[in-house]
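Look for chain A in each of the two complexes below; its partner is chain B in the first and chain C in the second.
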Partner chain A sequence: MAAVNEIPALGVPAEPQAPQGVRGLRASQRRRLNAFRYVAFTIFGLFFLLPLFAMIRFSLEGSKPGTWSVAAWKQIASYQGPPPLLPAIEITLELAVITSLVMLVLVVPTMIWVKLRVQWFSRVLEFLCLLPLTIPAIVLVVGLAPIYNRIERYNVSALMLFWAYVILALPYAYRALTAGLTAMDATTLSEAARSLGARWFTVMFRVIAPNMWQAILNALMLTVALVLGEFTIAYPLTYVNLQVELFSISRNTVNAGVLFSASAATLLVAFALLLILSYVGRRLRRGRP
Partner chain B sequence: MSSTATRTQSDPARIAVEVQLRGLSRRYGSVVALDNLDLTVQAGELIALLGPSGCGKTTTLRLLAGLEDADTGRITVGGRDITRLPASKRDMGMVFQAYSLFPHMTVRQNVAFGLRLRRISSAHRDRRALEMLQLVGLETQADRYPHQISGGQQQRVALARALAAVRLGAGLVLLDEPTAQLDVRGEAEIFERILAATRSCTTILISHRFSTVRHVDRIAVVENGAVAELGSHDELMARRGRYWTMFTLQAQRFATGTPEEGEEELTFDVLA
Partner chain C sequence: MTAAATTETGARPPRAGRRSAPTWVGTVPFLAYTGVFLLLPTGIVIWNAFRRPTGGFTFSNISALNTSAVRTLFVGSLELCVISALIGAVLGAILAYAVASGRQDGVVRRLYLAGSGVLAQFGGVTLAFAFLATIGPTSGILFHASWFYDFPWGIALIYIYFQIPLMVLVFLPAIDGLKVQWREAAENLGGSTWHYWRYIGGPLLTPAFLGATLLLFANALSAYATIVAWEDQIAYVVPQQIGVALISEVGLVNFNQADALAFGMIVMVVIVMSGYFLLQRRAARWQR
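Here is the complex of A and B:
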């Protein structure tokens, strides 16, 4: 037998697998599919973009009919309330970050651990995570009110809302992460890593978690979107986040343009955040399956 | 078989270890996977576990690797009792049937994964990983991701990854049907590489294919969770037991005409 080092190289680069999907269709089918896509995108685009366009247009209207002005946009920074606008935006963005981080720290390791080590618990975990979907927000508020009344004695900020938001976002994050976890053979990958000497911590954070980046980003996007638009918990608990602030402006200000400019700005910030997360996801996945 | 002789004679078992399985039992609910299995593998030996699906071959390997715990019994490797030792501390190389390459790592990073866990410096790690890839003829694919190479190449990467562990001192390599998803030509190529690369250690191989197992030092025919026959190919043929029956059937099939390309070999499942 030839010595180990003399074994000739047999490998030839494999052709990358041809992507499935549209390319496998006939020309007529492809045309029909493309036409359907354009129609669907146009309808849904109009449905979502028309209100946004109308809102932006209204925020840019000047004091006289037919004139344009950015005064309403400038007032976002100078609007003093009560309550002031900028602190509400700041609080909401901080809540989005804190809620997302707490969500990831709590849910990602738990889900991986349950998948790898205590699969019998997965049904219970699924039930617990999806439970908030079945509880109306107002019921949640009634339950949370005594707790928040108590902690308010310690003069805590609206950031304490993150606990409630974690509960609200739990079902969406769970679903997104489950999709990522079931898309790979986590058990076999963990066994391969352990056979190479990896401890459980390494298995979880160097082998499994990096393979579910897309799912983690999806969970992040859903959580951020939920926090940016949350009103039903914050308002009854008398905390001021962005949505409560917008509601307050709509009731108090004589210049409705501020309301529209702030709402449009919120949506644009949300879109920007989601685009950034999506871009990061694509960068992380570059070259990978 | 010359390759086998070369394996055990020309390269004394430098780091090879003796493996002893004593009274191993494992149940999954009411299903008995292993029933008081006894087996001794000599240091430096290449032994194949052969048997029908569900007979306990893979369970034996998983218990050895520490991926599952035995209900009863004892496993010693190199005189050390590892029955309750975690998988991460067992210090052995394993090649899985499904390759199990890490999709988010390049071929080079896959091979270097075990080295990284042992805190080997980056430069040394890269050099060693490339060395292992050269052994399996894949050094040109080092920076590709697993999904960018063919199935046969992925299998060789898995082998290189296990061999990296051997180079770090692991004396035992476990191969769970490493050629199951390859065609006959691919199987012959990879098996030659396995034989060459694992000369210095003890190797336990699971395979359904007679063309593979006939070249090993000894064959353990596993049935109903226990070793039913044990010996070299010649010994088992002389014994005229189940191995002989199956092998003869296989030989007759091939003697009656050249099998068509892609036609599968008979396996023990036919007798099961």
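Here is the complex of A and C:
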């Protein structure tokens, strides 16, 4: 007790002088640092925002330069080409749904099962899930070409792209789901459920999965964002999705307004998805002490 | 504690006895899927890189890469990756430092982090269009850049757009790992800002910086959509030529060129990523 009181007592007379000097130095450093930060944020902010603004401004360009018009945005659904845009949009949206569903069915149960029952497998699972980050998509597509030759014997629809898209989305889904799985005490939850007589099926789908719905939502949104922007697999395999069609339009009609409005629209959807995601993610983290 | 553990182990055997299939069976669907659509394609690339179109083992696909045209492609890829990775890494590190020196829960930090998450993924066809609208040689709103279609600087500028955010995401944890106490200790011992960065901050951040630069390099190496949308008539880098070889492969013209080029890329990526993991492990030492 005495010792604790002694230290502030000793410190009091020194305080007005020493920290004053330090604080003065700090203040000048702070000022320089703040000046640097504002300059950096302004320059980088401009660099990142200008192309986005330019694209949106371009999409709102009227028939005469300098005028404004929403014609290009209305065209998104009605653009007749060549090539027409709407079928590609439909295919891409369907692909987004199918890819997300397959991802859910394939990855979520596997990850929960491995976490609960087959822990020795978790390193293999992690390796396989993160491998697509290392192997460039343009390399993967070379190996996928012969496989897609086989698939095309049965079905030539561009919807078949989902087989490859699930692989591309694996790393993002894996990270999102891992965050969800580690944020809860899955082992205790499953032991509690089991001791109350639950089957493993019940444990996985009615106990663990509902506890990680935010992580599952994250994984879904990342998958959708990925499918909306995918070009590398579709184009060399001569499938047509939204990005491939935009590319074809750009080669047929230079600077077509619909190009920029459709690009901006895709981007805005992806932005919205990922911003929702970062918001949900923050709430998820904040919820955990 | 001990009692609970005993009950736990005591309860297990009957359960284990009741189950009909071993637990690893649950991983079979996943293994089958990734086997067919991830491991098999990779295997096919490596296998075909050493196979004659007519069958049989050969090095001729690989040695066919040693022509001036293909060498130009690999040199082009190297140029573009080195330029965009170095500039992206330096600028990204500066931005990461600016972000890190602010308040931990400040609006600016949240904004830049969320933005980086989005923009690091924002590549592809759309990004090329965005730059076309900004500084395109005939359509630019900001100005008309005559060098827009110059290789490597025109495309490097576009690549830097997604390299900087990636650098911020990868490098920020390293900067956050610098403890205030280290700086205070340096100041208390009479060190200047220069001393701090030269002898403490710099050496601590170097492995993380180099590792992140390698990651950016690999990122630029595998980018495909952006450069195709930027220029699809001339192949400057390996991915472009792989695409060309693959599309013309419909007529089985030069069957194994795509595989040999892809194999070359796998080798490059494996070298770069090994370096990344080694450096990352070294960098992780100070990030607790």
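As a working rule, the second predicted complex is superposed on the first by the 212 of 289 C-alpha atoms of A that agree within 3 Å, B and C clash if a C-alpha of one lies under 4 Å from a C-alpha of the other, contacts with A are read in each partner's own complex, and residues count from 1 in each chain.
The criterion applied here is as follows: a contact is a pair of C-beta atoms (placed from the backbone, for glycine too) under 8 Å apart; a residue touches a chain by one contact, two chains touch by 3 or more.
Nothing here was measured: the structure is a model prediction, and the numbers come from that model.
When the two complexes are overlaid on their common chain A, residue A:135 makes contact with chain C while staying clear of chain B.
Of the two partner chains placed by superposition, A:157 touches none, neither chain B nor chain C.
When the two structures are aligned on the shared chain, A:182 is found in touch with neither chain B nor chain C.
In the superposition on chain A, contact of A:252 is made with neither chain B nor chain C. Once chain A of one complex is fitted onto chain A of the other, the partner contacts of A:232 are limited to chain C, with no touch recorded for chain B.
Set against each other, chain B and chain C touch different numbers of residues in chain A, with C touching more.
Looking at the shared chain after the overlay, A:122 reaches neither chain B nor chain C.
Residue contacts after overlaying the shared chain place A:36 against chain C, while chain B stays out of touching range. Annotation: chain A residues 191, 194-195 touch chain B in one complex and chain C in the other.
The touching residues of chain A, counted against chain B in their complex, run 1-5, 7-11, 13-14, 16-17, 184-185, 188-189, 191-199, 202, 207, 210-211, 213, 287-289.
On the chain B side of its complex with chain A, the touching residues are 2-3, 6-7, 65-67, 86-94, 96, 98, 100-104, 113-114, 117-118, 134-141, 144-150, 153, 156, 161, 165, 174, 189, 192-193, 195-197, 199. Chain contact summary for the complex, chain A toward chain C: residues 29, 33, 36-37, 40-41, 44, 47-48, 50-52, 54-55, 57-58, 106-107, 109-110, 113-114, 117-118, 121, 125, 128, 131-132, 134-147, 163-164, 166-167, 170, 191, 194-195, 225-226, 229-232, 235-238, 243, 246-247, 250-251, 255, 259-260, 263, 266-267, 270-271, 274-275, 278, 282.
By the touch criterion given at the top, residues 8, 11, 15, 23-24, 26-27, 29-31, 33-34, 36-45, 91, 94-95, 98, 101-102, 108, 110, 112-115, 117-119, 121-127, 129-134, 136, 138-142, 161, 164-165, 193, 218, 221-222, 224-225, 228-229, 232, 239, 242-243, 246-247, 249-250, 258-259, 262, 265-266, 269-270, 273 of chain C touch chain A in their complex.
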